[in-house]
Each structure stands twice: as structure tokens, then as C-alpha cells.
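Presented below are the structures under discussion, each in the form of C-alpha cells.
In what comes next, chain A is part of two complexes: it sits with chain B in the first one and with chain C in the second one.
This part shows the complex of A and B:
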């Protein structure tokens, strides 16, 4: 860094040689950066890149066993990152820097009203400033903070569980900003939210940052999220910075091959790669499937059909009923109404009378669906025994492009992508006619997502497999499905070919989904960015 | 919902009454011998007893007889004590109630603060010490602890009385201290481990990290974590209370306390069927009521459950 930029950043944030060591070696190699007041720096990386550890090291909230070194200064107040003293961090946390976490479902205390949680931050700030606060002025302050994140005052009396995910993250932002920090560190602030609420929360963060002249450190795995929102960008991989620069420049002309790979792996909604399938006989037909949970209608007469060798996507946000539809078809839920036929045969509701060779499900999180104490071999052998086929474990592993030597390992010894391949192999053991994928790539890093999607397409072609792909991600839809249905609150609001739905959506809800997805797509954003950058060069 | 649960409880009580009836029926021993003692008995006396207690009726008829009276609220007469069952139980109920209450209070008052301390100082000396204490409490059977307490605090240092229930009031309370401590030891150990685990989980949660990240005082952070941890702590305390009810049998026997536990033990030995039946049903009903109260406590403590409950 040049001296002039250091002077410029007397206000703002300067981080020098931040490094984090774990019990089995360094997690983050020394790195430094500056974030001016009102500026946004994004740190991009996949899981294991060290981005979240970097965020936590700045607020002294590393998990036990990790040690940070280096120093940071916020508005000229310099502090060492290595200190384990709680009192030393009291000066920093809150008034200097606040860390906003990813999951608003866990970051708020479930048994304390939202107003009281925001109020707790206000009290902490007042105490640090040696000011007293009366009950009525505290109430006013909480309402003002809620208003700032565009929530009505009555949210103060609600518990977090009574709010939607987007509203909870707004409450968390209000609670964070009540400390009036100079640096806000947002660790994947929208990853746990639906696509249509993500944009709103990110825009809100941007507005508030400008208004309070705050520095914002945005941690994300998603290049699409930072396009148009971050001024500068750092790309991290395995604890090291591989590329840094102005966001527009990095997105338009990445220098490091890893950045390029990340950009390429980002699934675009605009160019669909899947051609429509020639008509073939329908394998699965589900008609008028309805399901209620208590007084909530999860599915209202939803219909979907899949032909042999075809991949059909079921698109929807959380609460749309997309997983309920998959579970009804798989017999894991008993629908109140509707018929499900497979290969011309009526399937009875529920699991009775089902055969493993009919259909199999691959879930989102392979870590929780594979038994942690069994080796891969054992899990797959069990599946094969139930199926009674001639296939061997080695064949199955080769089918999903895994080294058969991995069979002796336990799930915890595999990467996320390898685990999902094992889950797919297990689902293929009984040689099913239909494979249901319930958000099967959502928990994976973007570069791994791409590989799993390619694998699924190859399997479809080789095995003439029919697939029902449940997802919230239009980028995934564009890259795997030839047709799709869109679910909103249990009702199918649109159906058609993928190209039709993504390029010319008819229903207002589909339009809003496509818009949100396009906004986050780097291919659209980087094209704009390139236009903005070039004249100045 | 509650009505459904109450019907469930009645069904369970019916099944339990049948099972206990069968078990006492099948158990070795002879009521006639128990009543007459070892004296040589005339055939007339034996026949008279067999007729009086319907011992020659078929098993099912005897059960239905008992059930019919029980439904009308008549639990019969204790064969051993020749008094109505309600009187026999009523006389001993206060002792057992006081014992259970005292043991529960001792367990709560020691285990929960110890669990909190242990979680707050995880990995340090006080945590290890508390863990060691709970390990001892957990692994030593209650009769062994009872005998040890008797030896140390009644024989070696005669501070507390060794047996009996005392003469009422403070004297009774004094008599109940050792039995209550013996009963509380194992149960308190379980409660301490549960408190520690529940609080540790909350202290490591995202909510705690976020609270610290906003600059909240450590004391406030821990109080908030404790509020969230209160849900599993309260419900497990309820479960522990049901263990205490069962544990009275052993402790009352060791300390010769005239309570329901020792009454049950004597009644089983004597084949005093009316008393065994009434006591097992009473204990089962108390446990069922406690579990229903635990479930209701979720409504008070957990806004998530409350919201669901209101939607139904």
C-alpha cells in the first residue's frame, strides 16, 4: 500500500498482515486490505477459502483452537488481532465493528422479542458511551432502528419465529446497526434467504452503509451478489488471496485462472443450454396433488409430468410446496387428493406398495443422509442388497466418476461434492426409473455445482433416466431442465419449456424471480461493468 | 389436545392396572401363609380365607371385580393392615410428598447452579471438579449413597437421626434431610449434566456469537443464553422429578421411613393386592400428570411452540 492511501484511510479500516492458524496448519496466510468510509470490499471464496475465518478474526470471534495474528485499525483506533482478552475486544465490538451472520434463523435468540434484542445493542452502546437511557427513549430508538430497515414498529413485540427469513435478517441488521459501527462485516448475509428477498436485503445494506458512511466488508461465495454492489474485490482460495482489484475490472477481465473458473462456473439464467426434448412417452404423471398441514395448504392441485430421459424442474421459494410435491410423489407424504401414475400404473398414496426400482430421492445435504459411522462401501452395499441387482459397489462409484478406492472412507473424509456423488450412487443402486433431486446441488460450491449437474446430465443420457429436479435456483434450472413448473404457495402458476419460462415469463411471480436472478447473474452484470470500465482505460 | 392426552392417560392406567394385577398374581408366595404365619392351619381357616379374598375365582373375574370397585372409587381394604386402602395411603402420603419435594429442591438448588458454573467455565478447574462430582453422583447407586450417609452423618458424626419420620414439623424435616440427599444425589447429577450441555450449546450458538459481535456485555450475553437454555433445563427437571418418585422405594426402605415407597415394598412382599394396585396407579398417574405439565411448560417457555399451538 502506498503512503497516500494510508493517509486517506486514517478514517476507514486498515488491516495489516491478518493471518489465522489452526491446529493443523495455517488457515489464512497473511493478508492486508483497506476499506474507506462508505466503501464496500467484497471477499469472495468457496468453502475452505478462509473468508469467514477472516471475518471472525477481525472481531475476535474465532472458534476455539484458532489463533489470529496481525492488526487492524478502524478510524485510527489500532488493535492487535491476537489478543484473547475479552476486555480488549469490548472497545472494538459494537462501536467499531459488528459481525452480521449468515443465517437469520439462528443468529437471533428464539426466546427474546425482536425489540428487546435490538434494545440490548442500544443499551450496550449507551453504556460504552457512559450515557443513561430511559425506557421510553429506548422504545423510540428501537422503533427508529426498525423503521430504518423498513419494518413496522409492531415487529418489536414479535419473536423471531413469527417473522419470515427476510424480515429476520432485517431485524438482525437493525440490531447490528444499533451499535453504530464504523465497520459492518456481513458474512454471507443473504445466502440463507430466498432469491426474491436477497436483492432487497442487499440493497438495504448498501443504502444504510451510504447513509451512515460505514465501511462494509461483504463476504460471499457468489460473484453474482457482489457485482454492482462492491467497490473492490478480493478472491480467496485455500487461505490465500489469488486476485484483488476493482470489482468491475476483476469481473470483466479476471487475471487469475481460478477467478475465471469461478466466473465460468456461475450458472447463468440467460443462456439456457438444454434443448427441448423430442416427444417421448410420459413416465410419471402426477395430477391434482393436494396436501394440507393443519390449516396450511402446502399444495393445491399441483400437476407435473416427466417423460423418459427428460429432466423437469420444479421451481419455487421456501414455503412454495416444491419439496412437499416431491415427497408426495416419492410416497414420503400422503396427499389428500390427486393421482400419481408411473409407467402407466397408478401408485397408491404413501410408501406401501412402492418398489425401490421405481424412484429414488437425492436430498440437499448428503452429510445428513449418509450414516456417519458407516464407510461408503457399507452404505452402498446396503443399498445394493435391498435392490437385489447384479451391480457392484465399484461399478456404482465409477458410474458417478469416483475412485473406487474411496469406498473405504467415511462420509466425513470426503468433500461435499464427493459426498453428493455417493448419495447419487446410492440412489442409483436399485436402477430406478425416476430420480427425484430435492435441491441436490444447493449446498455445494459453485464450481462443484457445475460438475454435479454435468454428471446428472450424463447419467440421464446413459441410463435414459427421468428426473424431477426441485430447486429454488433459476441458474440451475437453465442448466439442467428442458421443462419447468413454477410453484407459488402450493399453486402451479406457470409451466412450459425452460427457454420460455426464463426468456418470456408470463406470470408476475415468475417475472419477479427471473428479474432477481438476472440481477445477480454476473454475465449480465459483468457485461455492463465492462462497458463502464473500458472508456476510462 | 389436552382432552386427548387425558384419555391417553386413562388408557395407560388401565393397561398398568392389568399388568400389575397379573404380576402380583404370578409372583411366588402365598397370601394364606402370609396371613396365618407359620402356625399349623386348620383346613377350615384356610378355606375361610380363600373364600374371603375370592382366591378360588378365575383370574379374569378377580381382575374385573377389582376394576369394577376401583371405577366406583373403592380401592378396597389392605389385607395386611386390615384398614381401607385410602386410609393407609393417606397416612403415609405426607411423608413421601415432603421427601420428594425436599429431594427435588436439593437437586435443583445444587445441580442447576453447578451446571451453569460448569458451562460458563468450560474446560477450567471448576468445570472438571463439577464434572467429577456429577460422575460420582451418577455412578453410585442410591442405596450405597444412603448407607454411606447413614454411616458418616448418623453414626460417626451423630448429627442426623438414622431412621424414622420424627414427630412432625421441624423434627420430621430433620429426619428427612439424609434420605432426601441420598435421593437427590443421582438425580442432581443427571440434571447438572443436562444443564451444562444445554447452556454450552446456547453459548456456542450463532445467537451468542452475534450478541458478542454487537458489543453486548458478557453478563448480558450469558443471561440471554440461559433464557434460551431454560427450555431443555425445565423439561429435563420435570423428567427427573419422575425418577425421584420411583426412587423413594429404595430410600424409604433404607431409612425405615413410613412413606409410600416402603409401603409399596411391604405390600408387594405380602401380596397385598389392593395396596399394590392403588399405589402403582397413583404413581403412574402422578408421572403422567408431570409429563403433561412438562409439555404445557413448552407453551409458556418457547414462543415457537406457542405460535404453533395457537394456530391449531
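This part shows the complex of A and C:
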């Protein structure tokens, strides 16, 4: 750290003793950092770490009820973080510092054309610079900005709903950059995007940042995203900085045990731990399953089979039809064609005539998977109602390694991981032969993901359960499935053992997925060298 | 924690950390007012004799007259007693209207929203037809055919309030139906009626409750308006709407006769809405949306 006068004159961003207080205590303990021009600082943390609150505090966008203290300076222009006055922020927000939000599906206004959304920022900047705003100069500038994010000029006339997620995030970036900010804060900029588009968007961000000499503050839960992209790294946990330093150093030789735990929890695609299963008779066979939604073919003659005690992954990006396949098998959607056979019996399409002991689903979102008005106890008792066994609610909770005392709580009083455990317990209540996991760990923090996957593997071993695991995450596939099928636009493009698919993908689409996953993996190219000096534990 | 900022109720629901319990004066005052009104409504039938006692000598006394704090009407009836006695018909009817129409709506709206398809279509068209009817006109026609009467009006209002309630419940149910907790219940092969009324409906409680309280207010105004038009309660019966209607002609002599029930209608309607809002917020805070 240099002296304070030097810091004040420094180019780039200097943040001093930023802290955020909530109604029931501090959310972020005082922290300071500097980000030089053209440099990238990453703040890493799981949910509740205070990383997003920190980002919002810098742009005065905290939710009501939270208060920030401390100060920041951008290129020597110092401003306090404590003020709630809108006008005070007008000088900073959208000019010097811009916040890029996570979800490109909601951060753009759906009823305004993309060009106009970028134009709004352009116009504001031109006004601030006292330049005359004319229709033609605005149009030219918007097209220049679109070109910068590698989008064709005709995107200006489109509505956000006509664009893919990746394109929308590019539009959002163009709108952010049109303000020519000195500090760009990207809060989980690619978390909502498919793996194959994530890399492109992140690389683009890096390029633009270098070209504009911007300071970039990258907020993420994913160490893979920041490896090779951030110069410096801050790891936060429960509002406190647990570790900071050069990214290469932190990844190679983490000092704090929490950082180490995060690194270990990161599911790698390269070390497949699941051995192929010895051949056993098939439990589930789904053949030629097709489903259309209006004019869109969601699923085109897809087939999959699962043997007893086996975990098979269904891999694909959003819109690939992987969830539709799961829902058709479960009877939650009625397919137009195809047969579903379980244990030698043909199952009817739809839920009518199905038995709860045949198969159960564990859904993705731990927040809506349990009935909010029921206690855990009540939810599980309902699940046991038709099962008719000797199993009690306590047994179920024990099975998923939860304290039976949690039974009296409502879902809102549990963490995401705990809720997902309850959801697994509920699914196991009727003693199903097949468990379908539809992105069951995608919404969880990495360290919790690992625990849930371990639980599922343990349950598979103990109960000889067959599982169909729907996921977009090849890291998850590598760590749980022995076989996988890859879906692209409703068609199965590749099938084989996990090792085969991850190490020697045949189809170009599978190849691109594996490449994207490897690129984002901290065990991938950029951190490979660093990893070799990682001390053994 | 003296330094923490005061939070608006809206913030409480979106804030990340649960805040402290605070006394909400709006809700507290509403409860006190409604409890008072409810109590008076209970005893109001007993006041009806005293209220309807006429005395030509005392006609049209101004407010503040000895023995008649709010004065008297043109028949010499005490306005205070009249207002108190009118509380019953002013409160009971609207509550029955709101509760009755919502009960029907929960039944039909949930089935329409959850089952969907043909059933939804049939219920939906029925709702459209009822919604297209001009409420006041129908009330006047029905009163003309069946004769004016309080309970006829109440039943009529239930039928007329029902369609918008059905739409609201249906919207809430269609929002809940695709949620994973409902699909998980379907996977367990629980019966449709169980899923509908044990899983889905309780999760639309804030919506239902808020609308019931809104409707009590609207029904109170509607019943009063109909009484004002001479359709609701029989002439001579103590009733706030009736009082406003009768008070119009004697405003110059005793304005209290019109103003007092009018202000009461406004206050009670407001109190019910504030309370409904508060209860909805509380439920939402408990994780039910």
C-alpha cells in the first residue's frame, strides 16, 4: 500500500474502508482495494458472502434498509459511499462507474428496442459532454458500440426477446460501455448463460477493458471464471475478506482453508472419478420420445436407458430438451410419441396410472421445491401417505443427514442445501426405483454442490437406486455419472461412457461443450502451471 | 442498534436480513376501529327500538342539542342512535358479500386454474358474461322484480362480485400450479383436490385475503349506494346508506345526519383496506407469496 496522497492522485479505482450495515448487523466488514486502469480485480464468494452488496455499494444501488460507509475514488475523483441522495450519484453512476448485472433476460427492458437502450446511454454521455445530439450521430454511435461487442448493426432494431442470452448480455455490455466508464463492475456477468457462450462474453469483456483501459471489478461465485482473467483476487465469506492476493498465487497456493475448500469443491471435468458399471439389466428404457410445444420441436425421438444402480447423465444447454425428456419420462409432460418402459412394464404417458413408487424427481430450485406453507414434517408426512411402509419422517431426515429437529421448521427457515436435502428425502419417501435429478445441484453454492452429489452417490450405493441426472454442467457429469447422453435441440447427438464423452468427444457440439468447460475449469490451461506448484495437503 | 435506519414495510419484505418487529400504527388503529364497529354491530339490533322512536316535536334539531348530541332527523329520530343502530346492516352485509363471493371464487377459480382446458373455458365464459353486466342496473332491475330487500341485495352482490374474484384466484392458481412443489405433489400421486386445496390455495392466501378485505369496503359502499337509491334496506330501517339518502334533503338543518355515516363508511373502508394490506404483507414475510 502506498501513501494516501499518492492514492488520491492515482489513476484507476481506490476504495477505502467500504462497509455495509443491514438492519440486523454488518453485511460487509470494512474492506479496501485498488484496481489500476486496465486491471481486473475479482471478488469471489458464495451466497451471503457480501460480494454483490459490495458491488452495489460502489454504485449507490443498495436495497433500501442497507447503509454503506467508506469512500471510493475513480481517477482521483473521490466520492463518499454513504450518501443516499440520487443527485449525488448522478455524477458517478452510469458515468464513471457502471454496474453490469447478472441476468440478461431481465436487465434489458423488454418493450424497448436494443438500439434505443444503448442510445439512452449514448445520449446521456453526449449531453454531459455538451455535445449536440442528432439522430444520425446517435445511430452511428449505437452501431459503433454494437460493432465493438461484435454484434451486427441490425440488432439495434430488435427487441431483447428476439436475441439469445449471450447476445443480450453483449447488448447490455454495449450499453454499459457507451457511458465510457472508468470502472466497470460485472456482477456474475455470465452465470445465467450457457457454458459455450460464457467464455466468449468473458473474453469480450477482457478485450474491451484492455482497449478502454478500464478498471474491471468482476464479482463471481465461480473460481473457474476468474482464473486467467483476473489479476488480483479477493475471497469473501460472510462479509469478511478471508484471503487476497495475485490470482495465480491464490489459486496455486491458497493460504486460507476456506479458499482451499472452494478450490477443492470446484467440480473438475478432467478427473472423472466414476468407474463404468458392470453390465446389469436395464431398469428404465425410454425410446423415441418426441414432444412439440406449438411449432417448436422440443424433443425429437430421444432415447435413453438406465440400469439398476446406475447414474446416467443427460447433458445439454438451455433449450436442448433435456428437462423435457425428464418430464416426459416422469409423466409431467405427455409426449407425442415414444415408449417408456420401467422394470419391463410399459408406463402410460402422463401422470394418470402412474405409481409414486416407480420414479420421483428432485427439481432444480431449492426455493420453490417445497410447499412454503407446510413445515418440513408435514411435507414429508404427505410424501409418506401413499407409501404405506414403516418409514417415519425421522428416518427420512436421517437418511439425508439432516437433524430431525428441523422437521418443525418451514422451508424459509432452511438453507438452500438443507432444502435440497429435504427434497431428496421427499423423493425417496415412496421408495422409488428411479430418481430423476433435474439440475438438482445447479442452484447451489459449489461447496454445497459437492455435499449433495456425495449424498446422492451414497444413496445410490445404499439403496441400489437408478438415477437419471439432467445437467448442463460437465463438471457435475464427471463427478456423478458413469454414462451420459448429449442433447442438442431435442436430438441425441452423442452417447457413451462419461470418460469417453469427456476425453474423446466425437460430435462437434460435444467437443465445443467440453472445450468450454475445460476453459472455465481452474484445472484448465491457464491455471495448469500454477497448480503444479500447489503444495500437497 | 439505535443507528439502524427506519424501514418502510415494503423494504421489510425484500430485505435480506429479517428486521425487528415494529408497531405499525396504521394496522393497530384499524384493528381498534374495526373492533369498535364490530362491537356496536353486535348490539345494534337492540338499539333499533330507541333509534326508531319518533318525536315530531324534536324534528330536525341541530347537532349539540340537549339529549341529541348529533341532532335529529325530520321524523325526530336521534341521529346518534340511528347511526349506531345502522352499524349492523352496514357491516354484516358487506362481510357476507365478500366472504361468500370469495368462497365461491376459491372453489371455481382454483378448479379453472388448476384443471385448465375445457373446464377453464366454461368457467371463464361464465365469468365473462357476469362481468359484462352493469352491476347497479341489474341490482335495480332485480329489486324491481323481487322487491327491495336487504338480503336480496346481499345475494345479488355475491353473484356480481364473484366473477372478478374468480379471475383473481384463477390467476394466483395458474401462477402456483407449475411450481416444483406442486409437481412434486403430482409425482407423489396425491389427489387433485388435495393438491388444489391443501397445496395451491394456501399459497394464494395473501391474494385472497387482500381481495376479501378490499371487497368488504367495496360491498359496504355498494350496499350503501343501493340503500341510498332505495333498493337495499326498507325505508325507515336504520342504515348508513339510507341515512345519507334521507340526510340529503335536510342538509341545511342537520348536516350531521349525512356527514357522520358518510365519514364512517370512509373510515371503515379504509381501516379494512389497511388491515388487509398489513395481513398480506405479514403472510408474504413468512415466505408465502
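The criterion applied here is as follows: the second predicted complex is superposed on the first by the 520 of 537 C-alpha atoms of A that agree within 3 Å, B and C clash if a C-alpha of one lies under 4 Å from a C-alpha of the other, contacts with A are read in each partner's own complex, and residues count from 1 in each chain.
In this text, a residue touches a chain if its C-beta (ideal position, glycine included) is under 8 Å from a C-beta of that chain, and two chains touch if they have at least 3 such contacts.
Model, not experiment: these values are computed from the prediction.
> With the two structures overlaid on chain A, would chain B and chain C clash, or do they fit side by side?
By the criteria stated at the top, chain C and chain B clash after superposition.
> A:61 in the overlay: touching chain B, chain C, both, or neither? Say first, second, both or neither.
first
> Counting only touches as set out at the top, which of chain B and chain C does A:360 meet: first, second, both, neither?
Only chain C; A:360 stays clear of chain B.
> Mind working out whether A:101 is in touch with chain B, chain C, both or neither, as first, second, both or neither?
A:101 contacts chain B only, not chain C.
> Under the stated touch criterion, which partner chain does A:161 make contact with: chain B (first), chain C (second), both, or neither?
A:161 sits against chain B, while chain C stays out of touch.
> Figure out whether A:44 sits in contact with chain B (first) or chain C (second), or with both, or with neither.
Neither partner.
> Determine, under the contact definition given at the top, whether A:516 touches first (chain B), second (chain C), both, or neither.
Neither partner.
> With both complexes superposed on chain A, which partner does A:127 reach: first (chain B), second (chain C), both or neither?
first
> With touch defined as at the start, can you tell me which chain C residues reach chain A in the complex?
Chain C residues touching chain A: 1, 3-5, 7-8, 10-12, 14-20, 179-181, 183-190, 198-199, 202-203, 205, 286-289.
> Could you please specify the touching residues of chain A with respect to chain B in the complex?
Where chain A meets chain B, its residues are 59, 61, 86, 90, 93-95, 98-101, 103, 106-112, 120-121, 123-125, 127-128, 159, 161-162, 172, 175-176, 178-179, 294-295.
> In the complex formed with chain A, which residues of chain B make contact?
Going by the criterion above, the answer is residues 205-207, 209-218, 220, 224-225, 227-228, 230-231, 301-304, 307, 311-312.
> Using the touch rule from the top, collect the residues of chain A that touch chain C in their complex.
21-25, 27, 63-67, 330, 332, 351, 354-356, 359-361, 363-365, 368-373, 382-383, 385-386, 410-412, 423, 426-427, 429-430
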